[in-house]
Amino acid sequence: MFKKSMYIIMGSLVIISMLLTACGTKTAENQIIIGVTDQIASLDPADAYSTHDWELIRNTGRTLLRWNPGTGDLVADMATGMPVISDDGLTYTFTMKDDIKFADGLKLTAPMFAGQLNRLLTIGPSCPNDVADTLAIPYVESITAPDDTTIVFQLKSAVAYFPQLVATAPYTPAHPDTFLASECVLFPTAPFYGVGSWFVSQFTQNEQLVLEPNKHYTGDLKPQADKIIIRYFSDPQTMALAVQNGEIDVAWRFLGPQLITELESTDGLTVGTVDGGAIRFLVFNHDMPPMDDPNVLKAIASSVDRDAISDSVYSGTVNPLYSPNPPGFMGATEVFDTMYQAPNLEAAKAFLADSGYDETNKCVLDLWYPPEHYGAETSAWMEIIKQQLEATGVFTVNLTAQEWSTYVPALTGGNSYQGGVLGWFFDYPDASNYLDPFVYNGGMGTDVALAADGSTFGVAINDKAQLLLDLLSAADVETDMAKREALYVQAQEVYADLVVTLPLFFQAEHITYRSNIRGSSDFGSPETLNIGGNVEFTYSMLTKEP
Amino acid sequence: MTPSKTAQATLPENLVRMENVTKHFPVQSGFLAMLLNRGHIPAVHAADEISFNIRRGEVFGLAGESGSGKSTVGRLVLRLHNPTSGHVIFDGIDLNLLDDEEMRRMRSRMQLVFQDPLASLNPRMTIGQAILHPVTIHMGELSKVEQQQRVLNILSAVGMNPPESFFNLFPHQISGGQRQRIVLARALVTNPELIVADEPIAMADVSVRSLLLELMMNLKKEFDLTYLFITHDLATAKYICNRIGIMYLGKLMEMGDLREVYSRPLHPYTQALLAAVPVPDPEKRRTQELPKGEIPNPIDPPSGCRFHPRCTIARKICAREEPVMRELLPHHTVACHFADQFK
Amino acid sequence: MPAKPLFSIRDLDVEYHTRGGDVRAVESVSFDIRRGEILGLVGESACGKSTMGKALMRLHRKPARITNGQLLFDGRDLMTLTEDEMRFVRGGEIGMVFQDPMTSLNPVQKIIEHLTETIHAHEPNTTNEEAHRRAGELAEKLGIRSERLNEYPHQMSGGMRQRVMISLALALRAKLVIADEPTTSLDVIVEANFLDLLRELRHEFDLTILLITHNIGVVAEICDRVAVMYAAHLVEIGDVRKIFTNPKHPYTRGLLRSVPNIDLDDKDLYKMEGAPPSLLDPPSGCRFHPRCPDRMKICSRKNPVLQKVGSDSQVACWLYSKEGKA
Amino acid sequence: MSPLAIIFTIIGIPSLVLLIYILIRGSTGLRRYILTRIGLTLPMVFILGSLVFFIMHILPGDPVSSALGPKGTPEMVERIRENLGLNKPLIAQYGDFLKNMITLDFGNSLVGGHRPIIDEMSERFPATLELVIPASILALFIGVIGGTYAAARRKTARDYSLRLYSVIIYSLPIFWFGLMLQLLFGVVLKWLPISGRIDPVIGTSLEHVTNLYFIDALISGNWSALASVIIHLVLPTFTLGLILSGVFVRMTRINVIETLQADYIAAARARGIREHIVVYRHALKNAMIPVITLIGLQVAILLAGAVLTETIFSWPGMGSYLVLRISSRDYTAVQSVITMFALLVAVISLAVDIIYSLLDPRVRY
């Protein structure tokens, strides 16, 4: 009796699941599902400050200038052309196109836009993610709209890369009915509308977000698909499996080197590699012994073998980095390579000997790292660095893993650490964004220029640091690109001599997609679905073959 | 004579005196239960106003059905339970007045022997270890060799010969009768004066039982012991007890010399108990009617005389008024309103 | 010639397989249970009497097994029945009452459910009302008030529970009731009441009872005949009066003399030396010979078989055989 | 009405009715016991919540700087801490926390979008329920039937294979087991989806009322959504349910074996009761009494298992939320989830105790 009923139950379970499978896998043809492991923290342009949030804002919105998909060239988008810049470099005047409409049909005028941008300046700092304090308030004095198509930015000081800033997500017009002037609206109720190619038609936190085409869009990034669905994963492994069995069409950030290698060999999947701008480096507290000794820093720079890290931990999926600026950015030269020719243990020993360290009087270093935040591989390559440093026979290295939530406050909050690991990804693709943050005003714990009241960039700890400050601040305002490049070349040499930070490698971004998904051949890099070096993913490019 | 903490100069005649000892076990305990019951905690009336003496060198029997409270009284004598009220006086010393350390020392003078020898022996301890254990606790002044010798002596005293051959055995390796001897040996090893034996032979087979009884009597002589013998078996009690008390539902019903009580039971309950004991003689089958029903719930005992609901001669007064213990015949007391007719 | 016996047990062997080796808990036991009698089966603990009680209904569980013997019940050999046929014998023709009424009733089942379930198990066509009615009638006869049938076992006293056990055995008018130590867990007065009840029921239901007990007093009180077991062997069987006045087997003799007696004239208990042997390694020959006051040479060599002595008694002892006397 | 409120209404009202029924019909002892238990649950949750509060605050790390990363300047960190009330003295924060607990307002998350926790729970709690309920049913089903079957056929090949099953399945790491199921049924056979609660495309057509997608699909008559929900439930349910079933098989088996040795089983056999009735009615019912208590104790294991299962299957429930928020030191979120879990455990153990007292007539409170 028991056996029979058991078989019946089991049998019917199998049959039911087969039937359900049959009717469960009907997917409409031109709907593209993109998987990510990110989480949405905010969709308010005046607040959002994470890569994924920006990606959504940029796909649902437009900026005056934008980077072209695939290449990253700066071109006009809402603006009719490049801005008119006043001679003192403090006033930028844009002329807007007059056919810009929100997806619900509301027309965007320059005063409306200026009002929403002023919202960024006024309520931005009180929003939780506070993008304004980094990308707007330090630069912009005021934003005005003298007429319906003109918008004028008055800057606090001349900034050569202001056009780059204007192309970032915070400078996206936000719908005045959704994003109220008095408060930040992090999670608007779907549907909500921007002026971009898409609008958010449905949104379930942590589960999925649905984008539908903006019928009023007149730009040249017209949606090709009927729907884009962003699906949120909590585990990269699951996302990898999901793209393998076709539950999602595209697996975007982040899969990690191991999964990428696995997927590269899977039939029916294409893995595109983007030489993105995410870099990893060691930071040092220049205000704390022994890191206040230039010889120690130079010895470290001479000891680290970047190829070993790339090969043994990442099986070659990352590229060694020898400059503070990744290749392709202004003034990028492999300055650390020419200067230290690492690994060069003899040179390292010589530097240390100059400061009185030898095999009997060893130099003890404490290096910290977060075990998860930059991927589980971090501990492996920190161990390699430790071995490399100790191979000199003069260094003793203590590694400490610290959880991200304790690591960050320790790193940025005063003299409690000697050195550690950081990662960086640009907000806007300009050389200044890779150099200034590590030098100015404490420089994220490097302390080469100590933050002090009344000084714009901080007080340099020595002459070389002062020189670096001067070069960088000159480059910030230099509008002649050849001169600007020369300043950066020089600045990087001083940077490497000081070893402000020690660049290790830059990480490629990977996009994995099923073979019936295509990018656009009208723009660059169709093989990575038109994702270029600035890692901008423009959903409008995507098409799906039946 | 007021109870005092120090022993009298002359040995008191009674080794144990129970003076109105009462023990109630709360059914629920704890702060919360008290709150919920507004201070009224239902309790099991395990022993109520029990008074008796055990004379030095006698065997005092305590008999009754299960649930009569006889085992509780045994534990009260040893102060394994603290009485709710009343005094337990051992050798002239009120046990209630002793602190923990004094009580611990007193423990070596009184021992308990349980019903189930297997359950009261640690299965992972050898027989030698089991008996040695109380010696190391109470006789620390002896050397290791002396302690060992004492254990061997006591083993042979309980008839485990040769003692060395049993020393390293585990309880499961010997027979049930032998285990009961070990339990006796363990109780005797500290040289006690009083043994409270709680149904010591109930688990033993008939053929082993008589041997154990004889052993107990021999040990009593040899070690100058006094026994409190707790049993439900009136037939066995006959062979060992000098005096006996009959308990019913936490109350002492009748007490006196054993032969006196057996030959002239004054309480209807004692009469019923004696009549109910099956006699091993097919020619003497019982014809007498016995009370019906069973022993009631000790949480809520009947009013008046606790036996009245089952009693064949009960009248109205029995439900109303609780009879007091009175000495109806010399050395023979009874708690019954109508016992005079059986004199 | 007496009427044909209700139950004839012939050459019954029951074995246990244990880690220490095979143990014969019952060895070559043969006896009859006569219609209408109360047969007492006595012996000390672990002599095999309870094992045999279960084996008679083929209720023994692994690792015990019947290795030999016939169980002729009312003309049929129970050993030849299938398990399903056997199921109808259990409860239907032979009822059983266990030692501990507390644990022998399902704690989560009401009394009435025990009764109706038993009726339905044997007579699946009985309606629910009919089963309830019969259960009620039966209970009344046993002195259980009908409203108590809706109670759970734990709500009843030990004596009541034992009555329920009896009523379950009688629910289908079993011809034979095997009662395994039915009064051991009861107090004396309740025990006496229970024995009175058994006596009444025996006449009312025309019952045959096999009473397994270690309490000699109970046997004397109620049994017609008595069988004595020692170390897996049946050593003596016969009329209860005859055996109590004139026990033949030295073990029986010793056993009866060691029983405590409430009679004040009886002063001292007989002390039988030694203890029953382990069945793992039983003595050779007669198993009682190491403790026997009358042992002879042959006793340690050869096991005596049960043989007739007198008109209605059988004993297994060399004292009563020509071979032994020789 | 928020989905959370709806769910509590769906579950709460019938249980409340049942509870009131039991309170009216039950014995005084039972009534008093239940009231006492409920009375004790509140301080228990309170103590647990306070413990979590202090442990979270004693742990090094800070939600604000960890969210801002290295870009956050000290001034920004300080300002945000002030906005969130994190710069107040600990005792004042504790006061706020207590106030929130009493008003059942969980407050706002401290990281990311600073959403009200109640919103996050509204999405996450139903997801966890939708996973945990069928998984428990599956585990119980396999456990009870398998355990009884093994016990009834003790020391046979079938018993040994069931025991082997329970040992193996219990010792399997849940993430590995889940991954294997995903690979086999998702990637290789392509029978079953491996992530999420519903097909993304079909999901766009589902109206969210309770956020229990099964119920939502049912009440809106959206059959394709219902099918998709069920099919998405299969792998996570089997992962969690099978892993749990190992313990249940063992527990049931041991208890049934123990019960089968009880005197009343022998007595039932002696009355000629059919063997399968003896096993399934007499033995199983009695064996289930201790098993049910043990199952009550497994709630914690269940929730721990749910944490892992949710992560593997990208199931947006409370478990994966907890993991995420502990690492970012989101005090309020962690406190709320733990409080929720504690309530859940308390309610389930109360339910188990009530069921226990109903099943076993001997239980007297």
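Residue numbering begins at 1 within each chain, and the chains themselves are lettered A, B, C and D in the order written.
Everything below uses one rule, namely that a residue touches a chain if its C-beta (ideal position, glycine included) is under 8 Å from a C-beta of that chain, and two chains touch if they have at least 3 such contacts.
On a predicted model such as this, the values are computed, not experimentally measured, just so you know.
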| item | value |
| --- | --- |
| Shortest path length from subunit A to subunit C (each step joins two touching chains) | 2 |
| Pair with more cross-chain C-beta pairs in contact, given B-C and C-D | B-C |
| Most centrally placed chain - per-chain CA mean versus overall CA mean | D |
| Inter-chain centre distance, subunit B versus subunit C - centres from mean C-alpha coordinates, in Å | 33 |
| Centre distance in Å when subunit C and subunit D are each reduced to the mean of their C-alpha atoms | 54 |
| Computed distance of Cα centres, subunit B from subunit A, in Å | 86 |
| For subunit C, residues contacting two or more additional chains | none |
| Subunit A-touching residues of subunit D, taken from the complex the two chains share | 60-63, 65-74, 76-77, 79-80, 83, 111-115, 119-120, 123-124, 145, 149, 179, 182-183, 186-187, 190-197, 199-204, 208, 224, 227-228, 230-232, 234, 276, 310-316, 320-321, 324, 327-329 |
| In the complex, subunit C residues that touch subunit D | 54, 57, 59, 61, 87-92, 95-96, 98-100, 103-109, 117-118, 121-122, 152, 154-155, 165, 168-169, 171 |
| Complex interface listing, subunit A residues touching subunit D | 1-2, 6, 16-21, 23-28, 31, 33, 39-42, 125-126, 128-130, 133-134, 186-187, 201-202, 204-208, 210, 227, 229, 231-235, 237-239, 241-242, 244-248, 372, 403-409, 411-413, 422, 437, 441, 444-445 |
| Subunit B residues touching subunit C - in the complex, by the definition given at the top | 65-66, 175-178, 205-211, 213-214, 232-236, 238-239, 259, 262-263, 272-286, 290-292, 294-295 |
| Touch list for subunit C against partner subunit B, complex | 44-45, 157-160, 187-193, 195-196, 214-221, 223, 240-241, 244-245, 254-256, 258-264, 268-273, 275-276 |
